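Structures given as structure tokens follow.
Look for chain A in each of the two complexes below; its partner is chain B in the first and chain C in the second.
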Partner chain A sequence: MEMVHARPVTLIQVAGLRKVFRKPEKAPGLRGSLRHLLQRRFSEHVAVDGIDLSVAQGEAVAYVGPNGAGKSTTVKMLSGILVPTAGQVLVDGLVPYRARVENARRVGVVFGQRTQLWWDLPVRDSLELLRDMHGLGAARYRETLARLDDVLGLADLLPVVARKLSLGQRMRADLAAALLHEPRIVYLDEPTIGLDIAVKDRVRSFVRRLVADGTTVMLTTHDLADIEDICRRIVIIDAGRVVYDGDLQSVKDTHVRERSMSFELAAGLPGVDRIAARLPGAQVRAGSDDRELTVTFDRMTLGAREVLAAVLAEAEIVDMHIDEPAIETVVRKVYAGQLRPEPDGGVDRETVS
Partner chain B sequence: MTFVTAGAVPLPADTRSRRIRAYRSMARMALKSLLAYQTSFLFGMLASAFGVLSMLYLWRSALAAGPRQGFDWPQMKAYLLVAFVVGSLVSSYTDYRMANRIQQGDVAMDLVRPVDYQWSRLAESVGFAVYEAGTAIVVVLAAAAIFGGMPPPDRDTVPLFILSALLVLPLRFGIVYLSGLLVFWTQNYVGVQAARIALITLFSGALVPLAFLPEWMRVIATYLPFVGMASTPALLYTGSLDGSDATTAVLVQAAWAVALWWLARLMWSAAARKLTVHGG
Partner chain C sequence: MVAEARRALWLYRRLLGAQVRATLQYEADFWIMSLSAVLVQAVGVVFLWAIFRSIPEINGWQFWEVVLIYALVVVAEGLSVLVAQGAWTLAVTVNFGQLDAMLLRPYPPVLQVLSSAVGMNGLGNLVLGTGLLIAAVRHVDVSWNVGRVALGLLLVVAAAGVKIGLNLLTNCAAFWLRSPYSMFAFSMHSFGELARFPVTIYGLGVRITLTVVLPYAFMSFFPAAAVLAHGPARWLGLLTPVVAIYCLWIGTTVFRYGLSRYESSGH
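And then the complex of A and B:
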């Protein structure tokens, strides 16, 4: 993997990472189970299939892909939970599964679907237990807790037993639990899953702040708004392989060439044909009433200026807006199998500015 | 306002004192979380208390005609009560929780903590044991009151008895932890746990002193780890085990405690490669 000069220290370095799970293959029913006892057969499932990745200090990387693409498995190998079947992982100079404890002192992990908290204890006890595990001094603990409280609003949650928290409260407490020791690297695996809009916003702005302060963040999510809010770099994986790794903006430019402009007109338009004639290749549609108009076009063949000129020539415009391509569109293409790794095995890697 | 500035907070070198603090804290929290379920725990205790009472009634009538296999009634009473107390340590909390978390995949969260997995489970077991021993002693005192007191420990073997009773904890932990790890291979824990309990009950002499078993079984039992979980400390209490036999028995206990610990380490490294965490 080539290093780009301008880049600061690489914190996460992954090469040829692979994880194969073995599943027992059982025929249904009691007979199948008995046969399995005598003749054990297994099927192999490749969850991660040769991933290369390098993340610089202070970067915020979105790690996305459809269900079962291998996102969580990668994160679990990075955090030392799972032992890779093959390949190298190096996080802050450590091999996570070999130096699991030391690695855990440097990274913070949030799995949206699981909790770090001790289920039967008040949140405060869980945090104090983590304080002791990380060997934090009383003053530093108090300070960090106060700062986390400031953003996450923990005060009300501290005396509550973890199992009585609502999902949103639990997530706030879990974020605090993962960040109490001020880790240099934070893995967030679906941190906004199941949360309502208000809590989502809160979590996002919290993570943005974390990134702004120099923490390296790797974010796995299905919620594309999370990505656009937090990350500049996106890594898309599918079937255990990296299909795209690069700048969020360029992936949109490269793969989402379709733009659309919507207009509100001063007066009704008898037909859209005349505008369409001025814009070959573009799709011109009338809206629900004849004062609305939408033009969809390929960004590479037409410019917004030409579209605007064409519409202006035929009608008076009251209002207009351009729909920015959503990252959703890109990811949907990946899910639909339209984006594939380059034949040479590499990916269209772009330098992160 | 800054949160975290990468590299600004240097990571202090790992120290023994951090680890000790971590495990002590875990033991304390385990005890505390058990207190949250006091009612269910007390019901469990009540059930085992009835078990002890019925065993005492049974043995009292069995020994009414005179001593058998070297046990008279007061000795048998002491034997059973000591076996009950040490047998209540490291009960099913440790392995039940462990197996559950492994099956559900929550073990992932145990592994992102900066502590050793096995030491953590031991620390928790010690926390539970404080409560287990406390309640067991209450049961024993009540039982002793009902059955006309309990003879004091044999003077000569008291130091060995104390050592032996303390060794029960790592021994029982070893077996319980190892059986908990088996869930990586079996997928279902209920059967493993039942087998473990049956083995311990039979070969530890907690139900019937080993002297009552057929010769061949007794010989096998002497070299198994289970004998140290009830029989050895109970016999040392009653003074039935003395001299070089007593020392050997305690040494066997210690050897098994160490062996099980390292066996568990080996098993864990194999299990870690098998670990599959589905979803999230």
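And then the complex of A and C:
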């Protein structure tokens, strides 16, 4: 008997994708603006500079990079909002900006920065309008809504006019609006921005569930914690180019080794040398006040427990916290690592925020 | 095909209905808008009346005939702001990146834009326009029969189509001019107001512009001439439905072209 291996179906196929925006070149102030009226000069801003990407069905991809790296622009091209300057996009067999209506039936998009609800209408009305646009039957709508309500807690939001929602409530309603038609592909552009911890957790577990159900998810975020338990694959872009595309765990192992622990001590320390002596390889610095202490260490060679034990042996701790590196730091390291082949060449001095 | 068009129309009505509900949240706005619409148009009629007090006719057009042209504009304008006021929101929608949401819904973006606002002042226009129309019809020297009334109704609807198409076309300037104000479209609209008078009184340039380039005369003077069977313009007036289709088509085409230039915001 022959074994048939199901080959993963590629849902998103992007090749040489480019987007160039034209920006007016103006000198500052009113004079500059007036001069621009007569002498129209424009400069080109390359937001996305030749991206290749291929996402299989059911994959959960984190798409990260610093501000202005081209993340949102990519998502906007994938979802059909923007027309690429060059390159090919194929999503589920469609060119999104050519087949907008058909594409909209298959994908769901959430922008954390902006709502897609009707501003002046109660959430329920927005959802019902979307139901009709998607042509969902009454039974299916009820069922999906009940399921979304289960995870997102929509019931108390439904009668509220969208402009009166708090940020967290709005995000929950927006997620429901984007997923009402049970799209095969979901783009989430900074879905947790500005949310408090409780809502963040809710959104994250919701996305986890989506992925578990087989939805293809592309998640754009600044928050490393967002992607950690959702995505296995990470695509890092900077200045419009892909600088890394691969396994999340290996990025963390190679580039997110540095961790720092900050302590508040009960009494001032005369010096940090004794603690440093107990922790070879770690950097021990006193804070602005001699009751503050920061230990930066490689988490592959040293554990948080050992650091804690070393500090405890020398001082009494009042408070402490562990800082996780921000995604920007990871990106900078990856980028620096690409430019400089020697391992850990110039990145040691990078501060971990 | 037919089923699809019917569905699209049904959705259009749903979207408009939602806007009506949203607008009615602000009751005071509704009354102020309706009342001011009546006032604005009524001032125009007073102006007409003042002119005709000193001159008995303009280029062979009597006072009540010009009132009929005027009434037609008011009704067509009223219809257009009631069913497609959304065209005027394009400047804001495009320049603040609010078109994003519309591009992510499975319904033609141009229909979403047009249905994205309801001008409640349209009701004021309709009330005043119908009143003027009835008054004018009683005074003009035309024999009314079923055919003429049907023609009149058809031309009123077509005139509204002309206006909607031109509103869409001129407001598409938003894709090129990056300002959140519809100044360009508004100045074109003001220019179109010239067609509230028999266009034969203007020079060739204005006449050609109002007839061919931006055919505002097809929402007022030409259809009125056709209904009144007055002068050679009446034959042109019969073309109003064709011109309406043309205007809607060109508005949609330019809109589609504009979409390819759309840059969203915050990239």
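In the analysis below, the second predicted complex is superposed on the first by the 245 of 353 C-alpha atoms of A that agree within 3 Å, B and C clash if a C-alpha of one lies under 4 Å from a C-alpha of the other, contacts with A are read in each partner's own complex, and residues count from 1 in each chain.
Keep this in mind: contacts are C-beta pairs under 8 Å (C-beta built on N, C-alpha and C of every residue); 3 or more make two chains touch, one makes a residue touch a chain.
This structure is a prediction, so every number in the text was calculated from the model and none was measured.
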Practice item. Quick one: on chain A, after the overlay, do chain B and chain C clash, or do they fit? Just give me the call. Key: clash
Check your understanding: Where does A:190 make contact in the superposed view: on chain B (first), on chain C (second), on both, or on neither?
Key -> first
Check your understanding: In the superposed arrangement, which partner chain does A:82 touch: chain B (first), chain C (second), both, or neither?
Key -> both
Check your understanding: So, does A:116 touch the first partner chain B, the second partner chain C, both, or neither?
Key -> both
**Study point:** Which of chain B and chain C A:129 touches, first, second, both or neither
**Key:** both
Review point. Which partner, chain B or chain C, touches the larger number of chain A residues?
Key: B
Check your understanding: In the superposed arrangement, does A:105 touch chain B (first), chain C (second), both or neither?
Key -> both
Practice item. Would you check which partner chain A:18 touches, where first means chain B only, second means chain C only, and both and neither mean what they say? Key: neither
Practice item. Pick one for A:214: touches chain B only (first), chain C only (second), both, or neither. Key: first
Point to revise | Which superposed partner A:72 touches (first chain B, second chain C, both, neither) | key: both
Point to revise | Touching both chain B and chain C, residues of chain A | key: 21, 72, 76, 79-83, 97, 100-102, 104-105, 107, 109, 111, 113-116, 118, 120-121, 125, 129-130, 132-135, 161
**Study point:** Complex contact set, residues of chain B against chain A
**Key:** 1-9, 11-12, 14-15, 17-18, 21-22, 24-26, 29, 32-33, 36-37, 105-106, 108-109, 111-116, 272-273, 275-277, 279-280
Revision key, fill the gap. So, in the complex, the side of chain A touching chain C is made of residues 21, 47, 68, 70, 72-73, 76, 79-83, 97, 100-102, 104-105, 107, 109, 111, 113-116, 118, 120-121, 125, 129-130, 132-135, 161, 178
Check your understanding: Where on chain A does chain B make contact in their complex?
Key -> 21, 57-58, 72, 76, 79-83, 97, 100-102, 104-107, 109, 111-116, 118-121, 125, 128-130, 132-135, 147, 150, 161, 179, 182-184, 189-190, 193, 209-210, 213-216
Exercise for review: Write out the stretch or stretches of chain C touching chain A in their complex.
Suggested key: 7, 11, 14-15, 18, 21-23, 25, 97-101, 103-109, 259-264, 266-267
